[in-house]
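Each in structure tokens, the structures are laid out below.
Paired with chain B in one complex and with chain C in the other, chain A is shared by the two complexes that follow.
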Partner chain A sequence: MPVPVMSATSAVLAHVPGLCRHGSKPSRELPKNPEVQAAFLGSLRTFEQGVAYGPHQAFIGAVHPRDLPQRPWVGPAPNGEGRFAGVGEIMPEEEFLGLLAAVDDFDLVRLGAAEAGAIGERLARHPLAEHLDLEKVAAAADNAEAVAAEPGALTLHLGADHVAAAVRRAHESDAALTADVFLENLAGKASATLALLRVLHDNGIDPGSIDYVIGSGEEAIGDRYQRGGGNLGKSVAAAAGCVNASGCDVKNFCAAPIPALVIASSLVAAGVFTRVAVIAGGSLPKLGMKFQGHLKHDLPVLEDVLGASALIVEADDGRSPRVRLDSVGKHPVAAGSSNPKIMEALVFAPLDRLGMASTDVDDYATELHNPEITEPQGSGNVPERNYKTIAALAMRRGDIGREDMSAFVEQRGMPGFAPTQGHIASALCYVPHARERLMEGGARRVQLIAKGSLFLGRMSEQSDGMSVLLESNDQAEG
Partner chain B sequence: MFESKQVIVLGERDGVAGPAIAACVVSAGGHVAYTSTECFV
Partner chain C sequence: MDLNSQEVIKRLADEHGADNLVVILGAPDDESAEIAAETVVLGDPTYAGALAEAQLGLSVYHVLEQDFRTLVDDDVWEEQIGVMADVLDAELISSAVKGMREQQP
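Moving on to the complex of A and B:
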């Protein structure tokens, strides 16, 4: 049976302050109060500020989260940070509008004529330009303001007030295909496509060698008869030139990427497919989600990026980290929904099964939401809470002493660094770092732990989650 | 302590889930009018 390994990863951000007003929270709150709207638009970050923000550099893999400076992370002037670094890039919003048009198969994104020309020129200089449909970008040139005035259309801005594009509704009466829903879905597709293109071309992987693409993002692609029908996985495969791939989507709220990784690894182990990509695009509804807390504390609107990731799973290449399918932790129905019970099920039950102690795992990657984003809104420090729970349970098991708990949290945990994009923050953001540390000897094992709030869908009071161990290739027996 | 009280229960994903709080309220003699668990991240 082939042993699955994670052979390549990527992580990208699109810095899209102009799109923040279309996030779910801002789109509901800003129209109510012109003063709040003015404050919001006056608190958007520049691209240079977005690139220089330490957690963003950690997200694209340029710096390990444990090597981030002390907070506050917001504020310092740019210091030579690059948009291309680590395993990805930070794309400015002009280019992202062009990318939206490039992956829009139904020509609903219309760019201003002048913007289309400028964006086309910029994208032509992008390292992945030859893989982008720049003719579609040029063909999207239009009168953006006139399109925006059409019934049901949405205006797209660059920064605070520059009208640069518009999106037409995808259907005249289908609530699942309104302009805002379509934009959400297309933003997920565009950002995931960028991540997949990066992981393929940065690692010399032939797109034609990909058998299957599993989407694990949060958007429910569909129409009114199947609101969550999918299949963004195959849509992204097509946009990235994976002509031999099929695909599907795995849905599980924020937890979806880890089940997607486990399913991808199982398909490889079973010999069903040779090379599988797992992708996750950014969540536009979560832009500006906690802007009220940020403005209240004189912070800029910090949720101004779309995060996206891609990874490749294939049979053992003798060097890449192994995905240990015998280590999968699940959160069974009977476990209940308290955080300690969830952690027992996801973190410790798999270790017990394998005869491991919690100290046999070097890095725990849990929900890694950036606390600088969550604390001003009163949501606390999510990763710190999780790490303290894990450390307390490790102590109760006798793996560590009470006096070792702080060191356990400090050495095996890490500060949160992910934008609050749900599934992106839920362990997936650490995958590039995990792969690097497992390949360079910094770690032997990394546990990925994802949780999902499925009770939000009002079908159940349950939550869910899944965990899996990544292990350095030289740890393998034989 | 909750006798004759109508209680609205809001649980939190990383803290205590709504149904757990609701069970405590009921055992303390209260009536739960609404229960929900929310995610604040």
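Moving on to the complex of A and C:
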């Protein structure tokens, strides 16, 4: 049976302050109060500030989260941080509008004529330019203000007030295809396509060698007869030139990427497919989600990026980290949904099965939401709480002493650094760092732990989650 | 406090009377505990839920407060709460909830 390994990863951000007003929360709150709207638009970050922001550099893999400076991370002047670094890039909003047009198969995104020209020129200089459909960008040139005035259309801005584009509704009366829903889905597609293109071309992987692309983002693509029908995975495969690939979506709220990784690895292990990509695009509804807390604390609108990731799973290449399918942890129905019960099921049950102690895992990657984003809105420091819970359970099992708990948290945990787009924050954001540390000897094992809130969909009171161990290729166990 | 919980608390207070109701919080930090306590004592400060402008003045405790701890069997406490008692800052949370409880009208 082939042993699956994670042979390549990428992580990208699109810095889109102009789109923040279309996040779910701002789109509901801003129209109610002109003063709030003015404060919101006056608190958007520049691209330079977005690039320089430490957690963003950590997200694209340029700096390990444990090497981030002490908080606050907002504030310091840019210090030479690059948009291209680590395993990805931070794309400015002008280029992202062009990318939206480039992957829009139904020509619903219309760019202002001047903007289309300028954006086309910028994208032509992008390292991935030859893989982008720049003719579509040119063909999207239109009268943006006139399109925006059409029934059901949405205006797209650059920064606070520059009208740069518009998006038409995708259907006259289908609530699943309104302009805002379509924009959410297309933003997920565009950002995931960028991540997939990066992982392929930065690693010299032939797009034609990809058999299957599994989408694990949070957007549910469909029409009114099947609102979450899918299939963003194959849509992204097509946009990235993976001509021999098919695909599907795995849905599980924030937890989806880890089940998607486990399914991809299982397909490789079973010999069904040779090379599988797992992708996750950014979640536009979560832009500006906690802006009220940020404005209250004189912070900029911090949720101004779309995060996207891609990874490749294939049979053992003798060097890449192994995905240990015998280590998969699940959160059974009967486990209960308190944090300790979830952690027992996801962290400790698999370790028990393998005869390992919690100290046999060097890094735990759990929900890694950036606390600088969550704390001002009263949501606390999510990763810190998770790590303390794991440490408390490790202490109760006798793996460590009570006096070792804070060192356990510090050494095997890390500060949260991900945008609050749950599926990106839920362990997936750590995958590039995990791969690097496992390949360079910094770590032997990394446990990826994802949790998702099923109850949000009102079908069940359940939550869910899944975990899996990544292990360096030179470990004896296979 | 989420809107669902506010509705349930409002309903229970209407059915049984505010004097016959004690709210036990499980919020994980002092800030969210304080907001939840404020909601059931003075009303929802965000004006979003059923308790907006409803000054119920309910008796409210956090599950980590000593007053509550002494009422619970040790085994049950250990099984249900023990781990989180090691994780959360009981003193800080208790003081936040107590401060709000003292504002009961």
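Before moving on, here are some points about what is shown:
Simple rule for what comes next: the second predicted complex is superposed on the first by the 475 of 478 C-alpha atoms of A that agree within 3 Å, B and C clash if a C-alpha of one lies under 4 Å from a C-alpha of the other, contacts with A are read in each partner's own complex, and residues count from 1 in each chain.
Everything that follows uses one rule, which is that a residue touches a chain if its C-beta (ideal position, glycine included) is under 8 Å from a C-beta of that chain, and two chains touch if they have at least 3 such contacts.
Keep in mind that what you see is a predicted model, and the values were worked out from it rather than measured.
Once the complexes are laid over each other on chain A, chain B and chain C cannot both fit and instead clash. Contact with chain B, but none with chain C, is seen for A:Thr374 once the two complexes are overlaid on the shared chain. Looking at the shared chain after the overlay, A:His64 reaches neither chain B nor chain C. Within the superposed three-chain model, A:Thr420 lies in touch with chain B and out of touch with chain C [touch as defined at top]. In the superposed model, A:Asn339 makes contact with both chain B and chain C. More residues of chain A lie in touch with B than with the remaining chain of the pair chain B and chain C. Applying the stated contact rule after C-alpha superposition, one finds that A:Leu393 touches chain C and leaves chain B untouched. In the superposition on chain A, A:Arg385 makes contact with both chain B and chain C.
Among the listed stretches 2-10, 74-82 or 92-100 of chain C, only 2-10 clashes with chain B once the two complexes are superposed.
Shared contact residues of chain A, touching chain B in one structure and chain C in the other: 338-339, 378-380, 385. Taken together, the chain A residues at the contact with chain B in this complex read 336-339, 367, 369, 374, 377-380, 382, 385-386, 420, 425, 451, 453, 455-456, 461, 463.
The touching residues of chain C, counted against chain A in their complex, run 28-29, 31-32, 35, 80, 82-84, 86-88.
In the complex of the two chains, the chain A residues touching chain C come out as 338-340, 378-381, 385, 388-389, 392-393, 395-396, 405.
By the touch criterion given at the top, residues 13-20, 37-41 of chain B touch chain A in their complex.
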